[in-house]
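Common to both upcoming complexes is chain A, partnered first by chain B, then by chain C.
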Partner chain A sequence: MQLHDLLIAPFADFAFMRRALAGAIALAIAGPPLGLFLILRRMALTGDAMAHAILPGAALGYLAAGLSLGPMTIGGLAAGVIVAAGSGVVARTTVLREDASLAAFYLISLALGVTIVSLRGSNIDLLHVLFGSVLALDDATLILLAAIASVTLVALAALYRPLVIETVDASFLASVSKSGGPVQIIFLALVVLNLVGGFQALGTLLAVGMMMLPAASAMLITADMTAMIGIAAAQGMLAGYAGLVISFHAGLPSGPLIILMAGLLYLLALVFGPAGGLLRRFKPGQHLEG
Partner chain B sequence: MAHRGYVITYIIIALSLARGLPAHAQTPAKLPVVATFSILADFALNVGGDRINVATLVGPDGDTHVYQPKPDDAKELGAAQLIVVNGLGLEGWIDRLIRASGAKAPVIVATKGINPQQMNEEGRIGLDPHAWQSIANAKVYVVNIRDGLIAADPAGEAAYRANADNYLGKLDALEADVKRDIAKIPPERRQIITTHDAFGYFGTAYGFRFIAPEGISTETEASARDVAKIIRQIKAQNIPAVFLENVTDPRLVRRIAAESGARVGGTLYSDALSPSDGPASTYIDMMRNNVRELAAALAK
Partner chain C sequence: MDVAIRFSDLTLGYDRHPAVHHLDGEVERGALLAVCGPNGAGKSTLLKGIAGTLAPLAGSIALPRLKFRDIAYLPQATGIDKSFPIDVFDVVAMGLWKRCGLFGGISRSETAKIRAAITAVGLEGFEARPVATLSGGQLQRMLFARLLVQDAAVILLDEPFTAIDSKTVADLISVVSAWHYDHRTVLVVLHDLDLVREHFPQTLLLAREVIAKGKTGAVLTPENLSKARSMIEAFDRQAQACARAA
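Right after this comes the complex of A and B.
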């Protein structure tokens, strides 16, 4: 009974908690696998940069049409795709590498966004808008989150083989197929799509956390790529559930707590992770293998 | 007393102004006044009329709590001959901004002489700065602003007094209307939820209970526990309506309403006026709009 009150009653009693959980699960299914590929491709900070890059687009959508899901999503997508494509083109055609051109593009985009917002004179609700509230998910937002998760999963399943090969050995894929370029573009588009979906629910920066933390943690737990995806998604869901329960009982803000829970799982994996945690280094015999 | 210090400052500045004025008397330049936010600017304009120019730091629909100063604002302050602030901690940034701008104009604290209410927020007790939400207090604002204007521009004393008396008369009429309209709402239905508890003085003056899902500041994010508490409370106490505010996330309010069965009222204006084409572009319109929305949502 007490355990029920603690762990289940919040969701049984309140629809907003069920919605928040559903939203968190949708984010956790799609985000962490993408985060995994970002890490494997040494693009772990790309998510953060892209999250900043979509802000101005979302802000423009907001300024044009108010607090409406459609324009903000489209604006965010457009800004993200422009920055991703722009930095890709610059990386291919100039001396700048991808990270430098991405940094340049997202900084321009962010500055532009802040300027646009201040033109309207009222900068107040933008923080509330862009740092969405997982407690205020309405039907449209939930459907958007679920649709993004579904599209991401289907796309990842279809692209899985070329994406893994391209991630591990891009020149090999280039020698056997021309799919490398399109695969990379679709992959970045999926990242943008998930960040745009995530900012509706958790806010931009926290959406990145949901993408990267479970992924990093899964890499410490297993070396098997397929298992990593499952573990990362499961950790994301666990973090979403635990964050909401604690927010409910302790009266702390929900979005940050969800990410803190993901962070806690990451720290646990960092210490105990069987595939690369700190403790593993001190097991007898391990040093000699290295 | 600090107040005496102010008064002496005003007198000194008034004297120096008075000495300087006759030279430019042929071209009556307007007195540059800076008000920190839109409601104060409305009061100042009503009292100052066409003798003054009012610049507003936080414009319509802006949030005074989280305002970011712009260089223009420092310029306005530097050029001002009178600065009108609310006080009671509303404009936490104003002292630094005034210092940074090098402004030497006297600062009128519009809430001077008001009996401040406390707000209790999760155990922290602080002064509630939203005193203008009671029309009786608004009259104190107007008197303070009138006296400040007279001190800064003694030549306009007659005009300021006439304007202020005229405006105070309008506020009296407004107060009578508000009380009459609220009397029609049954007392047990005078409970509402809004996103920002800026209505403490309104509640005390007119017998309403305002319950907020967020704290005293618009910066805090609501927790799941807060939201659940409010939904439980709406159900337990049969609170008839929830209201959106012009400065915070309306999605949360809609969610609470959908889940608790309370009616979603229209927009209440609390911290800022609406743009000039909106329903609350002046203080009087704002109060009338709020009472109209309340009456509509709380009627059976």
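Right after this comes the complex of A and C.
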């Protein structure tokens, strides 16, 4: 009975907790696989930069219509696409590389976004934008999160081969197919889409955490790509559940707790991970015969 | 002569500076052609042009009765990211891309073909090895297996034997010879002239422009080689627009 009170009752008794759990699971299904590809493509910080880049667009939506789903989502998507395309153009046409131009864009975006929110809102609204409100997900937001997760999974399944080939050996893909460019663009669009979804629940600053932490952790646990994707998504879900339960009982903010749980799983993998964790590095065992 | 590749007044280069300048000529179908010349002669650039990854600045490359998909190209520095969690079998299977595309399955006969290719390059037993654990020579063997699976009519290899031991070179040369025997058109950029004399019936000596082309013995003469070496390699920032442009 006590275990039931601890682990199940919060969700059985409170609709907002069920909604939060559904939202967190939707985010955990789609985000971590994308995060894996971001890491494998050495674009981990790109995800972070894109997450910040969404802010001014969402803030403009907020300025126009307050805390409502539609305008903030559309604004966020538009801003994400503009920054992704803009930094790509800057990287190709000036001496700055992609990372430098992304860094420039996202710092401007973050400052601009916070300024725009402050124009109209209170500090509470600002906190909502920066750290999300996973406990206040309404029907429309839940449907948006579920739709984003579905679209992402279907798109990833369709693009899996060219995306893997492009990541492993871009020059080979270029020599056999013209799909390299479109694949990159669709991939970035999926990242933006998921960050916009994550933004609703976890806020600008933490949305990318649901993508990156489970992905990085999965890479420490297995060396098999397929297993990695499954493990990353499973960890995201576990972090979502555990974060919500702990935040409920301890009266702590849920968004940060979810990311903290993902961080805890990451730290565990960092130490114990069989595919590259610290323990394995420092106690590798006797060498083999051949 | 049955022509596989035809260059017409071809100029290839970067940022308007030519690396291959006003090239004319043909490559016969089924030819095994070594492409030689000093560094900066435009050998790699020519291969990129044929592979279609670099558009000509002027002139054209024609591949009669061949499509983009009939060309297999192995660039000089492999862009393989060895840290990606993928095994040898899967990399070799990439060679099936043109037949399988996004969703096509790999049939039993294609699986057998992949295994045969891996065996043919001497990597039997390495199928499940992560690429991260391969040595330089093993990596090159794996890339040759992928070329075998690609089953292309035209094969372009850019310095495929650089930094590779003699046993591996011998094994891979036998793969190249088998392609020649199959009447595939093979172009190989090489610096090792002894290897060229021994295994390549035809040679194209390049130094931005064609110095000589034809039977290897007649091309790789001391006069031709010294002529190729005298090519001006300096990059002229103040270069005028080419007067020979049509």
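Here, the second predicted complex is superposed on the first by the 267 of 290 C-alpha atoms of A that agree within 3 Å, B and C clash if a C-alpha of one lies under 4 Å from a C-alpha of the other, contacts with A are read in each partner's own complex, and residues count from 1 in each chain.
One rule holds in what follows: a residue touches a chain if its C-beta (ideal position, glycine included) is under 8 Å from a C-beta of that chain, and two chains touch if they have at least 3 such contacts.
Just so it is clear, the model here is predicted, and its values are computed rather than measured.
Of the two partner chains placed by superposition, only chain C is touched by A:S177; chain B is not. Using the contact criterion defined above for the overlaid structures, shared-chain residue A:V164 touches chain C, although it does not reach chain B.
For chain A, the partner touching the most residues, choosing from chain B and chain C, is B. Residues of chain A that lie in the contact sets of both chain B and chain C are absent, per the superposition on chain A. Of all residues in chain A, only 40, 158-159, 161-162, 164-165, 167-177, 219, 223-225, 228 touch chain C in the complex they form.
Looking at the complex, you find that chain C touches chain A at residues 51-53, 69, 71-73, 75, 78-81, 83-86, 91, 94, 97-98, 100-103, 130-131, 146, 150. Of all the residues in chain A, the ones that touch chain B in their complex are 10, 13-17, 19-20, 67, 118, 121-125, 127-129, 131, 133, 135-138, 244, 247-256.
Note for the complex: chain B touches chain A at residues 59-63, 66, 68, 70, 218, 220-228, 231, 247-252, 254-256, 258-259.
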